[in-house]
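What follows is a pair of complexes built around subunit A, which joins subunit B in one and subunit C in the other.
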Partner chain A sequence: MSTVLRRSTLARHGLVFLGLAIVLLLLTSFVFDSYTNYNVTEVAIYAIAAAGLTVLTGINGQVSLGHGALMMIGAYTTSVLLTRYPDLPLILMLVASIATTGIAGAIVGLAGARLRGPYLAGATLALAVALPQVPSHFASVFGGNQGLTIVAPAPPAFLSNFSPEQWLAWITLLAALITFFVLANLVRSATGQRFRMVRDNEVAARLSGVDVARTQVLAFVVSAACAGLAGSLFAYWVTLTSPSGFTLNLSLSLLTAIVIGGLGSLSGAVLGSFILVYLPVWTGGFASSLNLSSNVANNVPLAIYGIVLIVAILVFPRGVAGGVASIARGVTRALRASRGTGPLPAAPEAPSQ
Partner chain B sequence: MRPEITRSRTWAVAAVGGAAVLLSAACGSASSTANTASAPGVTATTVTIGSTQPLTGPAAPGYSEIAPASNAYFKYVNAHGGVNGRKIAYTYLDDQYNPTSTTTQTRKLVLQTQVFAMFQALGTPTHLSVVSYLNSEHVPDLFVASGCNCWNNTSQYPDTFGWQPNYTIEGKILGQYIVQNFATKKIGFFLQGPNDEFGTDGFMGVNDSLQGKGLSVDSTPAYYTPTAAGAMAVGAAIAGLQAQGVQVIVSFSVPLFTAIAEASAAGLNYHPQFVVSNVGSDPPTLSTILTGGSLGKALPAALIAGTISDTYLPLLTDAANPWVTLFKSIKAQYAPSLPWDGNVEYGMAEAYTFVQALRAAGQNPTRASIVAAVQSSHWTDGPGLTPYAYSSSDHNGFTGVQMVTVGADGTLTTLGGVEITDDTPTGAITAFTGTPSTPPANGIPSD
Partner chain C sequence: MHLFVIYTVTGITNGMVYAAVALALVMIWRATRIINYAQGAMAMFTTYIALVVIRHGAPYWLGFVVALATGMVLGAVVERVLVRPVESRPPLNAVILSLGVLILLEAVAPMLFGGQTQSFPVPVSNIDLVAGTTQLDISPFDLFTIGAVLIAMLLLFLIFQRTTLGLRMRAAAFNPEISRILGIRVGRMLTLGWGLAALLGALAGMLAAPAVYVYPSNMDEVLVFGFTGAIIGGLESPVGAVIGAVGVGLALSYVSGYVGADLAPLGGFAILIVVLMLRPQGLFSFGRQRQV
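The block that comes next holds the complex of A and B.
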């Protein structure tokens, strides 16, 4: 058994994710109240999208400022389909959203493979700004600025004592676990290796026989498919799909999540999403406890949020995941030193991912 | 997870309840029963209500004062014993006038704060995103701060109530004034939209009155989106109306966008007659926006002189009006930092209606009893120029307005009397003949 686990990444990941699934199932079912489940769902949605962005930006080296727009494609796929055919099952909605967004990702990726650095950022930024304008021009399909309202999925009959928030938390966490399982295996596979080669040195990758453009498009498709899944779940979570949900702010927030969490690490995507959801909750509570005049108090949460982000980036330049790793290394070194094993050569810095 | 009531606690509750029954029987009075935690958000000493408000963002100028003003009125009531011995705790959260934020903030109020009822949730596009949810959870959704016709839908939204005259009623009366006074001019529209019920309901109402009167109407309205990007497109929209030769612009817009529209027109040396919905026309709010420099440079407040609008509350400057005296004195004591403007008057007046409803809901209110109370009380007294229309088949609040115009000094003058109508296309507009009500001496609704 242990040799199987040591040799097979798939089996090892499978076991870890199964354990996580059981823990989360128990937490959402018996520990969390409805509002916690509601927030946990949000964390999971952001984590799915951020994980996709991590693969694209952190591992393949392509910057996207347009992932909010890709989430929008997923959300609208679900909402438009549900408005027309309210009886279709949720799983079909998720698959359809992954498919449409994946196709959109392939198109953006084809353009993106020709662009580098700031030009790619600019092109994806244009997507994030332009796409939210589309619904108001095709109001009969997309519901215009008002958007489309859908109903949160009801728990099945055998779970009739479940609240809708609990049920959606189940679905979303399961979707997130599957996504992370797939991505964790992908980044350790030969394909993941090619993603990193393209990021680190395109010329060297090409000399090693890697088709750079194809790899970049594939990374974009994988990343977009995650955004599509997140978008679909987002539609169910908000119960409203309107341009107001997919502002440039969303795209920037996703990028913030992966940078603050730790660029290039999947666990960083989860940490970043957690910070993204809970930081405003904490800062909001703090602001209202200060008893400021309303003009100031209304803007304090945003200001604190900004300051915390700036400080976090300054203190943890490699994100929270990177920060935790270097603290752990420091502690290990200190322990070894105190045991008298003598000063060890400094541990190699983690690859700057 | 809700804590389970243990068996011993159940017995204790039963024992206390039994004792209370015996006690009240001994006293021979049914009204001396103790205050209980009769509903979510209700304890023996407090009632917690919630709201989503544009405290920041494009609709914040002006509107961000509404909830603090209501809260000032609640503080006044609380300082005078509260309602049936309970103090009102009002939690209002910022949704930035963004419907997606409204959904998350409303979930927070219902699931975490566990409010008894929603009160005064502001905005048409914003509140439309949660109205189904609130009704499916049977959370009373009282006095939405928006004039959308959609709140009066007793079959789909039995727990939702409007308060201000709906935009179609308002539009019909504005339209009638246009027919009577600007029959020879070309009429155009500047609306929040497209496909935003705020704009479309108002447009519908004005058109109901203009229909068949032979006026020249520019049938394609100019639209704005209530976002920062939308603000930049207003100039082009107004220039479009100018190019069409529009002489009267009917505007259903939030204050910031009314101000931008009027400033853009002036910048184009274009001087149409503006006819603006009540919600976007409060002169102190507009003049603060114009003179405060938030439009890039300080502009003269006199830009809005001559604008025509309407009101359903007493004029701010009517010092003899007992409602104005009452609200001004409460504001001075409990919210001295707020200006005295239409938003503050609105917040105070709507809070008064809520206290009426909470009193009528009984000593131990439930979510069902407050909805029933609003439907069946048929209050004839309230701060509005007309009575409330509330009944089991009608969830509209006030159903009439009085036309007003902005003077050079920024104060409003009435144009004619109060008129009432309904929101059907052919419903007649009639003069309101009732006498206006006055508040009780202590300023708190009594039974």
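The block that comes next holds the complex of A and C.
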């Protein structure tokens, strides 16, 4: 068994994610209250989009300032379809949103494959500003500025004691786990290797026979598909899909989340999404306890988020996860030095059965 | 035909505001290889300060000078305190840092100045001029906008091309190592460059404010369109940035006039993509690319 686990990344990841799934589903079902479930759902939605962005920006080296616009495509796919055909099952909505956003990602990726650095950032930024204006022009399809209202998915009959928040938390966490399972394997695969080669040295990658443009477009499609899934779940979560939900801030938040969490690691995407959701929750509570005027209190979370970003970049250039890791390394080194022992010997090979 | 003239004048006027932003971005890009995403937010902040000055009874021009001066100080402080430590780090760090500044400024502005949208005064009339009996499609404020940006550009050109200080700044941007050996205070030159760029941004903020009003994210779109113009022109070329930005202004004005205002940003995006498909470094960048 342990040989299989050591040799096969797939089996190892499978086991880890199965364990996580059981823990998370138990937590959402029996431990968390509605409000926590609501927030956890938001964390999972952002984590899905941020994980996709991690693959694109962290692993493949392409910066996107327009992932909020891609999420918007996913959300509108779900909302438009549901308004027309209210009886279609949820899984079909998710798949349809992944498909449309993936196609959009392929188009953006084809355009983006020739662009580098600030040129790509500028093009995606222009998309992030342009796309939210489209629904108000085609109001008959997209509901204009008021947006489209949909109904949150109801739990199936045999789970009738479930609240809608719990059921959506279940669905979203499951979707997030599947996404992370797929991405974790992708990152470890030969494709993931090619993603990194293109990021680290394009010329060398090309000399080793990697089709750079194709690799970049593929990374964009994978990333956009994640954004589409996140967007679809986002539509269910807010139940109202309108342009004001997909401002430039959303795109910028996703990018800042993956950097603050630690660029290039999928766990960093989770950490960043957690900070993105819970920093306003905690600081908002703190601000309202201070009896400040509403103009001040409403903006305290945003100001603290800005300060956290600036400080994190100045103090932890490798993200909060990297910062914590280096602090931990520093502490172990100090402990070891005080005990006067050398570096720990490598762990002995586990006996195989 | 008459509509076309109106759209053209609007396009050029807006384009000049975008050009000021584009030029500010290009100045900073050439000096430090950083795109300052907080440029718009900094301009928003200095415009608020001007508004406070004007609301306290001071004349418009005092507010104008105060905005440009605080803009310059803000730019210099941001470079010296925040940007300097990340200049040698991976480019994404500087991106996130400037986004942090953007978020912080957009959060602090409503705390200090109130969250509601406020109108902004014009120094000269913004009603179209009339010559004899013919209605001209340009207002004194349009002329002021175009003139102010042109003068600012001319002054910058003279500083950079005709003064020793400008030569030092160009040298510091072009080759920091050699410049340092030659005794140029490279750090100071970069700080000054950021200050001048932010001054230009503050000017754009003042000129945009009567039309876009004043609220914390009022300059977001102006920044994006200025950035679009700078990219179309090519980030290496100040002249290209100005031409690109005026082009974006015209394109947005035509699309919003003939097709629909909602689709103007999409038109800007489409033009950006078409130009970049033909020339991935923008129209006026002639850098050599390493190819295999």
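We take it that the second predicted complex is superposed on the first by the 333 of 353 C-alpha atoms of A that agree within 3 Å, B and C clash if a C-alpha of one lies under 4 Å from a C-alpha of the other, contacts with A are read in each partner's own complex, and residues count from 1 in each chain.
Here, contacts are C-beta pairs under 8 Å (C-beta built on N, C-alpha and C of every residue); 3 or more make two chains touch, one makes a residue touch a chain.
The model shown is predicted, which means the values in this text are computed figures rather than measured ones.
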First (subunit B), second (subunit C), both or neither touched by A:Asn299: both
A:Ser136 touches, of subunit B and subunit C: first, second, both or neither? both
Partner chain(s) touched by A:Gly245 [first = subunit B, second = subunit C, both, neither]: first
Subunit B versus subunit C as contact partner of A:Leu255, first or second or both or neither: second
Partner chain(s) touched by A:Ile91 [first = subunit B, second = subunit C, both, neither]: neither
Touched partner set for A:Leu15, first subunit B, second subunit C, both or neither: neither
First, second, both or neither for A:Gly147, with subunit B first and subunit C second: first
Partner with the higher number of touched subunit A residues, subunit C or subunit B: C
First (subunit B), second (subunit C), both or neither touched by A:Ala123: second
Touched partner set for A:Ile307, first subunit B, second subunit C, both or neither: second
On subunit A, positions contacted by subunit B and by subunit C: 136, 295, 298-299, 302
Parts of subunit A lying in touch with subunit B, wherever the complex brings them together: 30-35, 38, 42, 136, 139, 143-147, 149, 151, 165, 238-240, 242, 244-245, 247, 293-295, 298-299, 302
Residues on subunit A engaged by subunit C in the complex (per definition of touch): 57, 63, 111, 114-119, 121-123, 125-127, 129-131, 133-134, 136-137, 203, 206-207, 248, 252, 255-256, 259-260, 263, 295-296, 298-300, 302-303, 305-310, 313-314, 317
Touch list for subunit C against partner subunit A, complex: 29, 35, 82, 85-86, 89-93, 95-97, 99-108, 110-111, 114-115, 217, 220-221, 224, 227-228, 230-231, 235, 260, 262-266, 268-269, 272-273, 276-277, 280-282, 290, 292
Complex contacts: residues of subunit B adjacent to subunit A: 1, 55-56, 60, 64, 68, 94, 98-101, 103-104, 107-108, 111-112, 125, 128-129, 132-133, 193-197, 225, 227, 337
